[in-house]
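Each of the two complexes below includes chain A, the first together with chain B, the second together with chain C.
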Partner chain A sequence: MTVSTVNPTGTAVEVSDLRVAYGGDEVVHGVSFRLRRGARLGIVGESGSGKSTVARAVLGLLPPGGHVTGGRIELLDTDVVGRTDKEMNDLRGRVVSLVFQDPLTSLDPVKPIGKQIAEVIVQHHRGLPRAEVRERCLRLLNEVGVNDAERRLKQYPHEFSGGMRQRVLIAIAIANQPDVLIADEPTTALDVTTQAQVLDLLRTTAERHGMSVILVTHDLGVVAEFCDEVVVMKAGEIIETGTAEQIFASPAQDYTRHLLDCIPRPGDRRPGPEFGDPGDAEPAAVLTITGLRKRYGRGPHVLDDIDLTLHAGETVGIVGESGAGKSTLARTLIRLENASGGTIDLNGADFGAARSKRLRELRRDIQMVFQDPFSSLDPHMQVVDIVAQPLIVHGLCDRPAARARATEMLASMGLDEQFLDRLPRNLSGGQRQRVAIARALILRPAVAVLDEPISALDVSVRAQVLDLLREEQLSLGTAYLFIVHDLAVARYFCDRIAVLYEGKIVEFGSPADLFERPRHPYTRRLLDAIPDPHHLQRRMKDTT
Partner chain B sequence: MNGTTSAWRRWPVIASMVILAVYLMLALAGTFLGDQANVADVTRTLRPPSAEHLLGTDGEGRDVLSRVSVGAGISIMLAAISVALGAAGGLIVALACGLGARWLDRVLMAPMNAVLAFPQLLLAMAIAIALGSGLTSAVIGIVVTIIPVFAVTLRGEALRSRSEAFVEAATTIGLPRWRIALRHVVPYLGTTMTVQIAANFGSAVITLAALSYVGVGARPPTAEWGAMINDGLQHAVSGQWWVGVAPGIALLGLVIAVNIFTDQVRARRRPAGW
Partner chain C sequence: MFRDIRQRLLASAVTIVLASFVSFVVLRALPGDPARLIAGPLAGPETLAATRSSLGLDRPFFAQYGQFLWNFVRGDWGYSFSVGDEVREALTSRLTATLELALYAFVLAVVGALVCASVASFRPGFRRGLVRLFALVGLGSPPFWVGLVLIVVFSSYLGWWPGPSGRLSPQLYPPEPVTGFYTVDFALHGDLIGVSDSAAHLVLPVVSLALLPWAFLTRLLTANMADTAGQPYILVVRSKGVPAWRTHVRHVLANSLLPTVSSCGLILATLITGSVLVETVFNWPGVGAMLTEGISAQDFALVQSFILLSAILYVVGNLVGDAVNRMIDARLRTPGAAR
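The block that comes next holds the complex of A and B.
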């Protein structure tokens, strides 16, 4: 494997005045940027900013209906706009290649991994002997850190974990040693610690082969960790371009600053009084979990002996990687799943053992906000009916009164009358999540379980939704159990944090304790893996 | 993607809709004709197609075109009734199986799978014979064979709906299960229902004709396509092909149009883009 000479002045990709339209609607309005050979460029933006569209245009893979209406895209000094599919096919994989976002759906579930990698190799090297193809596949898997490659080649995608699948996708993308690698949200579906590993892998592979990388992401933290240069996009236009240091340390544009401000800095704290200030009376416990266990069939315990108490008005964060049991805890607690052992005491009632009618009545006091507002709202129901439904179900008021209350609640959350009769699909992600929060809080429950309520949202909307949750908490006194993988958010928002690892709470304490003095090695590992967009800023300040 | 390709892609659905519209008009005309189509006229038997009788006359001097159009009405109406009843029955079973207790699922799915194990036509025939031949028995036979088809496909979807976040959200709100079924799951099943209804309509038309053809469905002189094809068979040997071919082509055309339409509906269901 030869390391290609990196010419620092050479240009890998040059996009000038690119315009892209879907049907008649222009969505990218004259975008220009340049990617040096061997450099790593980040395109950051929120959903709808056109960042993915730009990346797809470079690959010649615009979705149906999309076409380039103007400008040039030069790949290694040749214009690729207007090339036929066949010509682009020849370039794709060999010159430019894509690492997909979702490692689960991007692999063919019915073909072994080895076959899928081999297909890509054969595409550009017809007539290569079988043994040689196999040899290359093995080498690729080894390179991306998939152990036991020999055996893994014969396995199917479902036998791989998310991080391993992403590694396989990277192997496929670099199979023909392209000059430019385009990664579209490559780590969005992964855990923090896996994300750190995958980014590391991308970086070392790109460096080893002298590849240039375009990383498309909404996550400023990832960009700060990975990229040398950054393009900030909004509504189909470039807001700001610069080196990573410039962008993060001294952003020139308000929008960029706004995006950075939306990520809580260490030391930032949500508004409102601190919980458990000395001098306050001991608040009442609203939810007490003792010895909660959950296992599926005869499998291992997914939750093992969980003890947790929630007091009125406080927020307890549950952090940990996927597979740690965070979601299972939420689902068992809310009785979407039945516990295998232990008790759940809700305001003095035995919620854990309640059945049928009694259970439905008790549900009034414990509500849930789901992670994905796209799927947690019935696509066939109007917004006002979704929010009014809980009131009607519990017979608290009749339909017109319930709708009036719902209207009020939505208005207080910034969704005025024009939104009432809309269907969920006609709302933005942030608006949908407000509807979901309104539905959960309209009953004034004692406890609300928030399962990653902001992780499906755009960065700038996250802060608004967190603020909204805090406002409602201050006015209603609801206790929140906040499931969150983003540790910065947990530190910002929670009163106490429980670290969940392999179904057990390994550490429990105030954010200050946890972040300043982590005791458990797992907590430390978790803290080390967080990508931090503010570290560049700090580094700059240190040097000045 | 420019205009011409999308129009080119859409032509099958347009063509099938035009054909279906023609059948509906034919059926409408047939209802106005009513019993007139059954009036025999021994003076003009087995006339070949002409300006007066576009599709000729049959062995008893009846106008074949009139009878084909009456037959269109019978086929469309009875197929629609069978599919509607089958869909309703299947939906109820599917909701009970997909959302109810596990034992209920087992108890209900066993007979469904048993019915599915038989060839649809044979079972419908056996039921129709058992009930005594006639159009009502034929429809009952078809409904019984259609219910499990709907039940099985919709049950799968209903099971899937349980893990949809909005259904779980309804549970956490405290909604009783039957209300979740009606309010949230039935609309969720809508698209699958549509596709299944269209697909089963075509097969119901064929089954009905087949039952009548073998003599357990419509009885003469009812102008049902299957019965007419059977009647035409005896004349085909002696050269009067139009008596049997006309209803045969009518049946073929309707089923093909319905199937093309179904395929298009199914294709549309696929989410666009990525």
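The block that comes next holds the complex of A and C.
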């Protein structure tokens, strides 16, 4: 099959009335959109909206069991629905290519990078001399900003950082200068600063080679930064289409408005009184960290001389990129790992040095909520038992009483009786995270360490979970140590924010101070990188 | 990396020494007196004492142990009174017979499992069902029973392959030993009739011995392949336009092999030490029968040496498995690489 590259209508992809089903269940119900040549289209939606399914249908690579049941997908004016796999192989990687979600798992871990880039070139240029293939690989790596390409070609994926791996994936995707690039959540797994760089790279390469881009994402901020046209999907249907300006300035649909409202605006603030208002009594310090250090073996210090104080009822945010030591700080604080130096004082007790039985007793007062509710709940335990377990473990009450308390706790979090005997896999992401929060808070701990508690959740659920956390805080007086990479959320939710950079706290202050008068250059860089749907105009000007 | 290798080798050496020590202790803790067994029920106390001292059994325990280790390393594995020959002679001739069986069975199991698992993960539907059925039957059938069935069907009934007549047809003489593997030795001497005859004698015992690990590896590999096929990087490879089968061979296979290779060392060792019943069924002059006799006769020298030898085989098998894994996976070559 040949697809003409001369394209009179100026349409790169036209999808009309596309229907996709898994087995007998239709999950995409008649989706239509058009992507102009050289344009950038965003498909936005929450998990389960069918956005990724649409993207994969364009490539002809639906997951097992999935098949197109109706409609057309025109790639450069040629319908690709119903093509054989062989015909599609000729198109994939040459006419249409993919930049996939998670750079950490999108490269084959046992093959060197060079081979993985060469693979796509050789696939479509049989008989190309090896030297020429290698030359092209080097050029591609240089183009996507991977330095020292000669050496890098021989390296394996694990020797690259997340951002670098995403660059390699982009190099693979643009290797044969395809007409259409499909980017499925290309930045979701990256830090804000890296995210901005990768988006920039995608934009510039797409412009340089005249590629059309379909960007699939749940992140409205990213769409606002990157796309000229937006399609909003919900439950397998398109509910709104328009230019980026239209969608963000005057959304026509309630759902779109709702999605936008779920992103905190700069002025937004979580409910409840501000912490440390003048006139209040000086609140009690519940957690005092002094000179905390952590290193692995003889390696460098991952945490270097951290001082931090948490007061009752206060939320302290920890922001920073991956590798800054955020999660190590959380794990060291709750003694999943032992510090290499410094003290952790919990309610006047020396938690950092406590051993065996004493350590267990003290643990009641410091609990943790993990990032990923899919893996932090025992898949074989019923919801009610998961929440009741801490009470039983700490010998606070017997099983029936613990279950009763857990039932109460879950009810107060909006999970009524029908959820009690379910297993975690039968809950949605937001519900699972509520269970995880209930498990952490049922002991009424003085401190709860929240490690990215909302970043694995859908946008609209995030707000609910944050509200819930705030309600519980107001009623229990728990102090939160809130580890978060999303600065807008930090600004919305935290009383004070610490910026962690290379294992050190480089800046510490109230959200207002930090966001309006950042002192440390790293903080400034971090702030510049945030994509912000509410400030759409900023970037749009650069590109038009 | 060299530190890593040194540690592995050291750990292996410790494992071998510990195994030898445990076997040494356990054998001596068993009830009964080998001197009495050798000298016979009518021997008097002086004869007993003399036998004992000739066996070295009157010496202090650790001296005996040290002597045993030292002699083993020097190649003097002692005299087996139950066989009536030097232990080394007896073991090597018997062990090569077992090894020939085990190695072919191992190769069949691994290659067969690779093919079956690839078919199962690549062709859903009927063929996948067939492979599953095979794995289930293979895992549920005791090898000696499979051997009997194979003899009945393929030897007695169909007459395709020789029955339980050992390693060779009676009219042929064993080849001059070079490797101890009849197939290889015949080939080295250019004796094609010998090669085909010894190979034919291998078919049925190899199949019955291989069936269990074959089925086990098929299950393991199928599960791994299904897991790997769902990984994002496989989707990325497919998005490059690489055909499905080539993706399978180049990417799915390599990544699925990792957990399998580690278990291969174990499987090889089990094949060598666990083939007793199959050998009995096929009249195979392997190490199994000799060993069971040796154990009941309290033939310390024979049993000890065998245990030590299998410990070494075991450890070497595992080391080779690890080395192969390192060759496949660069992450294992750089210590501390988490993903």
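By our rule, the second predicted complex is superposed on the first by the 527 of 544 C-alpha atoms of A that agree within 3 Å, B and C clash if a C-alpha of one lies under 4 Å from a C-alpha of the other, contacts with A are read in each partner's own complex, and residues count from 1 in each chain.
Assume a contact is a pair of C-beta atoms (placed from the backbone, for glycine too) under 8 Å apart; a residue touches a chain by one contact, two chains touch by 3 or more.
Quantities reported herein were computed from a predicted structural model and do not represent experimental measurements.
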{"item": "Superposition on chain A - do chain B and chain C clash or fit", "value": "clash"}
{"item": "Touched partner set for A:Y156, first chain B, second chain C, both or neither", "value": "second"}
{"item": "First, second, both or neither for A:R92, with chain B first and chain C second", "value": "second"}
{"item": "Partner chain in contact with A:L410 - chain B first, chain C second, else both or neither", "value": "neither"}
{"item": "Which partner, chain B or chain C, touches more chain A residues", "value": "C"}
{"item": "Touching partner for A:A189 - first (chain B), second (chain C), both, neither", "value": "neither"}
{"item": "Which of chain B and chain C A:K111 touches, first, second, both or neither", "value": "second"}
{"item": "Contacts of A:V393 with chain B and chain C, given as first, second, both or neither", "value": "first"}
{"item": "Colliding region between chain C and chain B, picked from 117-125, 171-179 or 189-197 after the shared-chain fit", "value": "117-125"}
{"item": "Overlap of the chain B and chain C footprints on chain A, listed as residue numbers", "value": "64"}
{"item": "In the complex with chain C, residue positions of chain A that touch it", "value": "56, 59, 61, 64, 85-86, 88-94, 97-98, 100-102, 104-112, 119-120, 123-124, 156, 158-159, 169, 172-173"}
{"item": "Residue ranges of chain A touching chain B (in the complex, touch as defined)", "value": "63-65, 67, 334-336, 360-361, 363-364, 366-368, 370-372, 375-380, 389-390, 393-394, 436, 439"}
{"item": "Touch list for chain C against partner chain A, complex", "value": "124, 231-233, 235-244, 250-251, 254-255, 258, 328-331, 334, 337-339"}
{"item": "In the complex with chain A, residue positions of chain B that touch it", "value": "1, 164-166, 168-176, 179, 183-184, 187-188, 190, 272-274"}
